[in-house]
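Each chain gets a letter, A, B, C and D, in the order it is written, and its residues are counted from 1.
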Amino acid sequence: MINKVVASPDEAVKDIQDNAILMLGGFGLCGIPEQSIAALLRKGVNGLTCISNNAGVDDFGIGLMLKTRQVKKMISSYVGENAEFERQLLSGELEVDLIPQGTLAERIRAGGAGIPAFFTPAGYGTEVAEGKEVREFNGKMHLLESWLKADFALVKAWKGDTSGNLIFKGTARNFNPMMAMAGKITIAEVEELVEPGELDPNAIHTPGIYVQRIFQGESYEKRIEQRTTKIK
Amino acid sequence: MINKVVASPDEAVKDIQDNAILMLGGFGLCGIPEQSIAALLRKGVNGLTCISNNAGVDDFGIGLMLKTRQVKKMISSYVGENAEFERQLLSGELEVDLIPQGTLAERIRAGGAGIPAFFTPAGYGTEVAEGKEVREFNGKMHLLESWLKADFALVKAWKGDTSGNLIFKGTARNFNPMMAMAGKITIAEVEELVEPGELDPNAIHTPGIYVQRIFQGESYEKRIEQRTTKIK
Amino acid sequence: MGLDKIGIAKRIAQEVKDGTYINLGIGIPTLVANFIPENINVVLQSENGLLGIGPFPEEEEVDADLINAGKQTVTTTAGSSLFSSSESFEMIRGGHVDLTILGAMEVSENGDIANWKIPGKMVKGMGGAMDLVASADNIIVAMQHCSRSGQSKLLEACSLPITGLNCVKKVVTDMAVLDVLPDGGFKLLERAPGVSVEEIQNATAGKLIVEGEIPEMQIG
Amino acid sequence: MGLDKIGIAKRIAQEVKDGTYINLGIGIPTLVANFIPENINVVLQSENGLLGIGPFPEEEEVDADLINAGKQTVTTTAGSSLFSSSESFEMIRGGHVDLTILGAMEVSENGDIANWKIPGKMVKGMGGAMDLVASADNIIVAMQHCSRSGQSKLLEACSLPITGLNCVKKVVTDMAVLDVLPDGGFKLLERAPGVSVEEIQNATAGKLIVEGEIPEMQIG
């Protein structure tokens, strides 16, 4: 097997240049690449385009990079809970491209899978359809959507082995597997890094072929947005 | 959870009518729905269209249904090892539609995923491209391919629970997960049927939403086409 | 004087059929889960990658890696499965989810829905709503009949930016249960307790179809 | 007098780079795996759903549920992963496999390949070949230089039905190693032991480019 281990998040992101196109895994704050984001903050790279379902919150996740003005453009499906985001958007400092969540997921998957374009019904008749090719199949209207790729994909997994095989946990899987496929360079951070052979080959979510660099993160915060418990 | 258990393979296939369009999982003889095929032989339904990567061998798998002349048309990527198949094809009794394997897999996946059409580079410039829309993306030519769906998908898994969640083993997974998605009615046969909760939710390959009927098969033959062992 | 949110959720719960897979939107739809009868077996889908949403966790069970689409901590149930976002929308787009229950800002008499954007206000995004409404065969909308300013939300045509066309099959409001007819028009099926047909008529800007006696909702 | 199949496989093994993912076709390509040096770490992909093909099993290890694309029983290795056919072709179509080694019936001087169908013979199907040749950035063909009847298989244009266009980068035959140039033409790189440039020229129907001294292959 091929060893993909890098020593630190800082080494993992060291060649991410200004104006790079990034994908960042996660849904809300669940399953986000905390350590790679921290390394990007330390590195101070600017003008980033971030493809991510959400944009974090003011003081966590991509929100931290918004605060430091490292992000030029967000490509997301929902950018709710973030006041600084709203300020930058309204002031015109930040570009935002909003994409239906399923279309976003499928466009990223298509980027990884070598499918340059596909038809989907989502968004037909809405402003999302503006400028897009429309075609009817089986009596239903569809939009032609194109693949999305990134210079770097930053993903977070639960367990990984040194050859890049990944297993996610719970709903922290979300956008991570497709982004791993669609990054020219995919950087995976894991809570537990093991040797090849320790993960069940039948239970791998992301095969190592998609991962170019892997490291074990230290002390994950894993912040919860809506801690909701059973009403006693 | 919803209970999808049927008592026997015969009950599972009882409403498959003449001229139905079927998908059958498997690559070669690996991961084929042995028990559902046996039930179709007993039932004697005719005029079937079978979407399956291969066509079995003379005395196993789909080959058994060819011998009884139950198959009108095969949609496959490779139909090698089958003398009766060859005879019926040359005599014009059997129609065959040959599709590149990756395109076949993706068309089935598209059928399950609600993507009516997509562009792929496979087959451009070949006779597979005849009559298909061609389009250039990023300097490379692609063909527009449409989804495939079936009236019934017959799949074989290793373990399953009564609500239809499936786990496959080894390379017996192959076409089974996509076909489970693309069948109007999906019939899953498993080697071991367990209660909901016994399978790790994080290790499910096919979520139960795709499976309408499930049963535990008895005494799988699992024939090997090329038994190849280490040279001592 | 009409139903509260709990009442709307209770009434929608009566629409839930045994043996089905359901996607519940944020807000009133999420409440529906609490009122599904025990003898009805359904599986709830969360578009962030979970089939079989369990109840909220006990304090000590809380897991940051297990949330619903509203970002609330949840649990799994026996028979749950987990998957990626693309796999989740394969289910949704492929028509495998039997029933989708959503909130809305406006519904038109031909079944258009607007629920993602208000001009002049900060746009947060459509999330999965456009995929859901474009794909689902059976969509029930849960909403107030009128806005806070008293404007009808059941219109001839939506005034807000559209989320999807010709997709809503039924609307349950604080005042009424209405089918959206295939040829257009809101067919009044039931009145909320104490609400008259005339009041519903006055609160409905779109075409309202009233045939025969309109029964009162039965809410347990 | 030219290489045997083992010789062709050994020569191709020299093209294999450390840290790469490789898809090996059926026939000579499969043999290449046996000659990859121990200090070179590669991962073999099998398009039926396995990354990390191990050696053939011991008699008692044979598992009907674990085969390669040639339907032979195989094993996994430490670090293997298993996946579906659609996921397998995501890897292939998406360009994630670094090197593809295939057999062929004909290759043209502009890199077209024909390897799936002979008119008048029973058509068995293209299997994964069309996906592989349409997607892979680096394709090496392993084949005999001439057919059994002595016809050159390196042609100006393929006479058999095409599998894919402009895709072959290198050809290794029993007689020679040749690059397919981007602008067309087979550039002779190496001769098999005991084979002269003139013999290669005579056996090559397509445009052969010979520049300077052509070294003999070094096969261990």
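Please note the rule applied: a residue touches a chain if its C-beta (ideal position, glycine included) is under 8 Å from a C-beta of that chain, and two chains touch if they have at least 3 such contacts.
All values derive from a computational prediction rather than experimental measurement.
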item: Intersection of the contact lists for chain A and chain D; value: B
item: Chain located farthest away, centre of chain C as origin (C-alpha); value: D
item: Centre-to-centre distance between chain C and chain A (centres being mean Cα positions), rounded to whole Å; value: 29
item: Separation of mean Cα positions, chain B and chain A [Å, integer]; value: 33
item: Rounded Å distance, chain C centre to chain D centre (Cα mean); value: 56
item: Residues of chain A whose C-beta touches two or more other chains; value: 106, 109, 113-115, 120-121, 169-170, 202
item: Contacts with 2+ other chains: residues of chain D; value: 76, 82-83, 89, 92-93, 135
item: Chain contact graph, described as a line, ring, star, complete graph or other shape; value: other
item: Touch relationships between chains, expressed as pairs; value: A-B, A-C, A-D, B-C, B-D
item: Residue ranges of chain C in contact with chain A within the complex; value: 46-50, 55-59, 62-74, 76, 82-86, 88-89, 92-93, 112, 122-131, 134-135, 161-165
item: Chain C to chain B touching residues, read off their complex; value: 19-21, 41-43, 45, 51-52, 76-83, 87, 89-97, 135
item: Touch list for chain A against partner chain C, complex; value: 27-31, 53, 76-80, 86, 89-90, 96, 98, 100-106, 108-109, 120-128, 158, 169-178, 205, 222-231
item: Of all residues in chain B, those that touch chain A in their complex; value: 106, 110, 113-121, 135, 137-138, 140, 142, 146, 167-170, 202-203
item: List of chain B residues in touch with chain C within their complex; value: 1-3, 109, 111-115, 161, 163, 165, 181, 195-197, 201-202, 204, 207-210
